[in-house]
Amino acid sequence: MEAICLKSLGIKNDLRLAARNFNPGGTIIPLGGVEIGGKEKVIIAGPCAVESREQLLETAGEVKKAGAKILRGGAFKPRSSPYSFQGLGIDGLKILQETGSETGLLTVTEVIDTRDVELVSRYVDILQLGSRSMQNFQLLLEVGKLDKPVLLKRGISSTIEEWLLAAEYIMSAGNHKVILCERGIRTFEPLTRNTLDLNAIPLIKKLSHLPVFVDPSHGTGIRDLVPSMGKAALVAGADGLMVEVHGEPSCALSDGHQSLLPEEFAEFMEQLERFQDIFMM
Amino acid sequence: MEAICLKSLGIKNDLRLAARNFNPGGTIIPLGGVEIGGKEKVIIAGPCAVESREQLLETAGEVKKAGAKILRGGAFKPRSSPYSFQGLGIDGLKILQETGSETGLLTVTEVIDTRDVELVSRYVDILQLGSRSMQNFQLLLEVGKLDKPVLLKRGISSTIEEWLLAAEYIMSAGNHKVILCERGIRTFEPLTRNTLDLNAIPLIKKLSHLPVFVDPSHGTGIRDLVPSMGKAALVAGADGLMVEVHGEPSCALSDGHQSLLPEEFAEFMEQLERFQDIFMM
Amino acid sequence: MEAICLKSLGIKNDLRLAARNFNPGGTIIPLGGVEIGGKEKVIIAGPCAVESREQLLETAGEVKKAGAKILRGGAFKPRSSPYSFQGLGIDGLKILQETGSETGLLTVTEVIDTRDVELVSRYVDILQLGSRSMQNFQLLLEVGKLDKPVLLKRGISSTIEEWLLAAEYIMSAGNHKVILCERGIRTFEPLTRNTLDLNAIPLIKKLSHLPVFVDPSHGTGIRDLVPSMGKAALVAGADGLMVEVHGEPSCALSDGHQSLLPEEFAEFMEQLERFQDIFMM
Amino acid sequence: MEAICLKSLGIKNDLRLAARNFNPGGTIIPLGGVEIGGKEKVIIAGPCAVESREQLLETAGEVKKAGAKILRGGAFKPRSSPYSFQGLGIDGLKILQETGSETGLLTVTEVIDTRDVELVSRYVDILQLGSRSMQNFQLLLEVGKLDKPVLLKRGISSTIEEWLLAAEYIMSAGNHKVILCERGIRTFEPLTRNTLDLNAIPLIKKLSHLPVFVDPSHGTGIRDLVPSMGKAALVAGADGLMVEVHGEPSCALSDGHQSLLPEEFAEFMEQLERFQDIFMM
């Protein structure tokens, strides 16, 4: 992968540790037998939020069987309204950890408060910073002190430059295990929840050495579009996907309309299997 | 392909002829041995603007050899500044027609004035309405009287609903041969010229029966991103691509920075060849 | 008014005739006793569309009495859907002309087709190019041949630079009587129809010598916001306003929800009267 | 002020404490002799960041003399790059407190970390949540426990609904002293740093009882536009302004290009004085 001159593209800020030149070969993060950023595409799947032990265990079993390597599930949910379901908190963390152990899946969950970083890091394999936290600089610095991978979602209207600078914050604090995750940006288009910016994928591969994931669930907000956009993201060069899966989407406490059913997820994973050769091109 | 209930998605206007339900099986436009919207992906390629007979003939020969079926080349160029190159006009149309004949390529060019529709239609196989003309309703009605395919680019900040209604204008005037073409939307992101909205592809396949193309050259504005995004567009469900190719991008009278070199285009087409099975999935 | 260095602000294109330096004192367009761009603020008012002789005459009488100098009324209406009311066409032009004569109001109406420019120019005092036509370059050149003022609305997602270049098109064809009109831009905010970009007013006063109007009706899409935003626009430096007024908004064939009632308009004009000293500051 | 039916405007979420109906007469926050949200417009002024005791004291003296009631100055600066000046931290807080005492100005500063809320609240009269923190829900809840006013800036691409829900978070935790502050939204327009959304002012006055301020410095990013847009904001209904003032803008450690010189600020304040009658209309 040839690096692009940052200045020629209009990058104004000082990108150092996150710049392609810092690690021209590309960063691979080994984690429990999985190589994030390696040759094989890595799929993260699971419900938007941890709702109960039964719900998570059942979904985990199904996504594991279908080929997912990492289980997602929110314990601390950032919600626009204070009156919406806010997640199970520490109970959610415990359920996630146990479910990971039982199924052999790695786990990822979001942390939203600097005071919780140490706590959350004890329960999961990967910490997620959500789009609303991408420029919570104190939180970036706090996860920067850990020795665990951080999945850094792009802010809903953050430029690619701001996003890479957020990664730079984490890395400047010592933690180089950063996974970028495109999840759609806010535009004028009302039919889709967000506009998935796949341009960002090949562009970041030029600008940075970090692995890049894509979340087609938030990036579209429409279940029917998830498989197509997931495949497109991988073909565009993404190293993996984060997909919402829920056994009863219509009863989900959040984001049901964009969650795949377990059987839809399984079918999607089969399609990806047949894509593997293409992805290697 | 199952149609989605338009109202459930938030479509407010009256979509009739362009709605999926009008032709649930999907529209195929046969044209000189090519089937637009059919099983095989169709590639349109060529320079942004017709600059000279030699330039076009050379480029046409190369894109033909690489597998393109349709030659693009602007004769009437809409430019932000009145002092920029405005195209060769009728001379450009003649060069395009002759080059099409000599190489056996179909041709497409943009029309920007209601008074030119009849003229342009005499020289080319497909008329293009550019993004700035998507809501030039008189122009839509005028091309709606023709019996030639119209490639309708999405306005730079048009919603999907407005875009489909623009197709409805053309169809309501009698011409059902409409090809939609996503070419990127205007967002806050400054690094790319536009944000290519691939979400629109699978969504429109639900909403409408019309063929959908993607222009990754305008959609990214960066040569290096064109092949990745072209492949992603096809995997997302696009029926074809429109790609800018120029023998000497640095000397192009317009859009050189986003044009592939002929050899890059040839390599890209070879990759697509190996994708054909995937596209059929 | 001191001109700003265009390059220092990031203006890339060649702005000549529309640039502040071309006429540092600012352009005043005298028209039937009114000075557009002069010391006094000029108010354009009337219904979105000409619907009938009675409707227009009644509304015209009321806006005239309240202090408006120019009557607006659409005869050719660009509508997103082909099935929406498209305007009365030439009959609308005639009604507008007669109503202008009877009431002593100047008139403005939109032209949307190059083929209609000559026709429309025979009936009205000012030709309007709507937001969808701002980059209809052939139309710009066509009205550029007239000796009548052109009110050039900003495209719904046009940059200020593109807008000034559109004015440059008209001026480069010979017609220097261009009035710019900000009418709101498309953003992510769903509660208002558009986001009225008042930043553009003082900025354009630095960049260009042309008069600038503001349309708070389209700029907000909500009747209750029109008076506040109209006043704000004038305080920000606008030379005048374009306001929709309709006797029975709930029955209007278009844009009723953003039209003031005649009595609301009269009250608004009284407030403006008391603002006159401020505007002169 | 008549409240608007929230649902009729498209507000989907449950707005309770922040809704106009909760306090139809409008909320006034008394603070050290100043009434925020009262009849008189309140001006907050000062440098972007506290840089030194001398710098702040000098600027404070000048803005006080010109009529400002509240002194701004950042101690914890959220910056896109980890390598930019991050503020003086606790030393900045001390300087701000002392300067406030010496000059008799109230003080406001930004808090960016839940762990700092208690600390910051000991030093200043008003806590500011910046645009990047508007959806830092834990921080909202934490300042919600205080008995001090919170100035809540709108997120750079937050909808008005999300903004009001952020206020609802603070209020739901017990603190009803919330001041909203519009500071410009991110759009496609590159010439201005942000697009100041003044539509939001009269709209929020319908939707909510909370005081609303406007920051024309961030809202434009261009010094020359600040006075015009400040006046426009007040005419549109804002209860006050937040304006950046710096003695040597070209040497400012942040945001110099949008800071007024003290003499420009004084002239601006004199103009506002002459506006007072208008504001009362």
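Each chain carries a letter (A, B, C and D) given by its place in the written order, and its residues are counted from 1.
As a convention for this text, a residue touches a chain if its C-beta (ideal position, glycine included) is under 8 Å from a C-beta of that chain, and two chains touch if they have at least 3 such contacts.
This is a predicted model, so every value here is computed, not measured.
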| item | value |
| --- | --- |
| Comparison of B-C and B-D by number of C-beta pairs in contact, larger one | B-C |
| Listed pair (A-D, A-C or A-B) duplicating the C-D contact set, over half by residue number | A-B |
| Rounded Å distance, chain B centre to chain C centre (Cα mean) | 34 |
| Separation of mean Cα positions, chain D and chain B [Å, integer] | 47 |
| For chain C, residues that touch 2 or more chains besides their own | 157, 161, 186-188, 190 |
| Touch list for chain A against partner chain C, complex | 157, 186-188, 190 |
| Residue ranges of chain D touching chain C (in the complex, touch as defined) | 4, 9-11, 157, 159-161, 185, 187-192, 195-203, 206, 219-220, 222, 224-225, 228-229, 231-233, 235-237, 271, 274-275, 278, 281 |
| Contact footprint of chain B on chain C as seen in their complex | 13-14, 16, 78-83, 112-115, 132-133, 135-138, 141, 156-157, 161-162, 165, 168-169, 172, 186 |
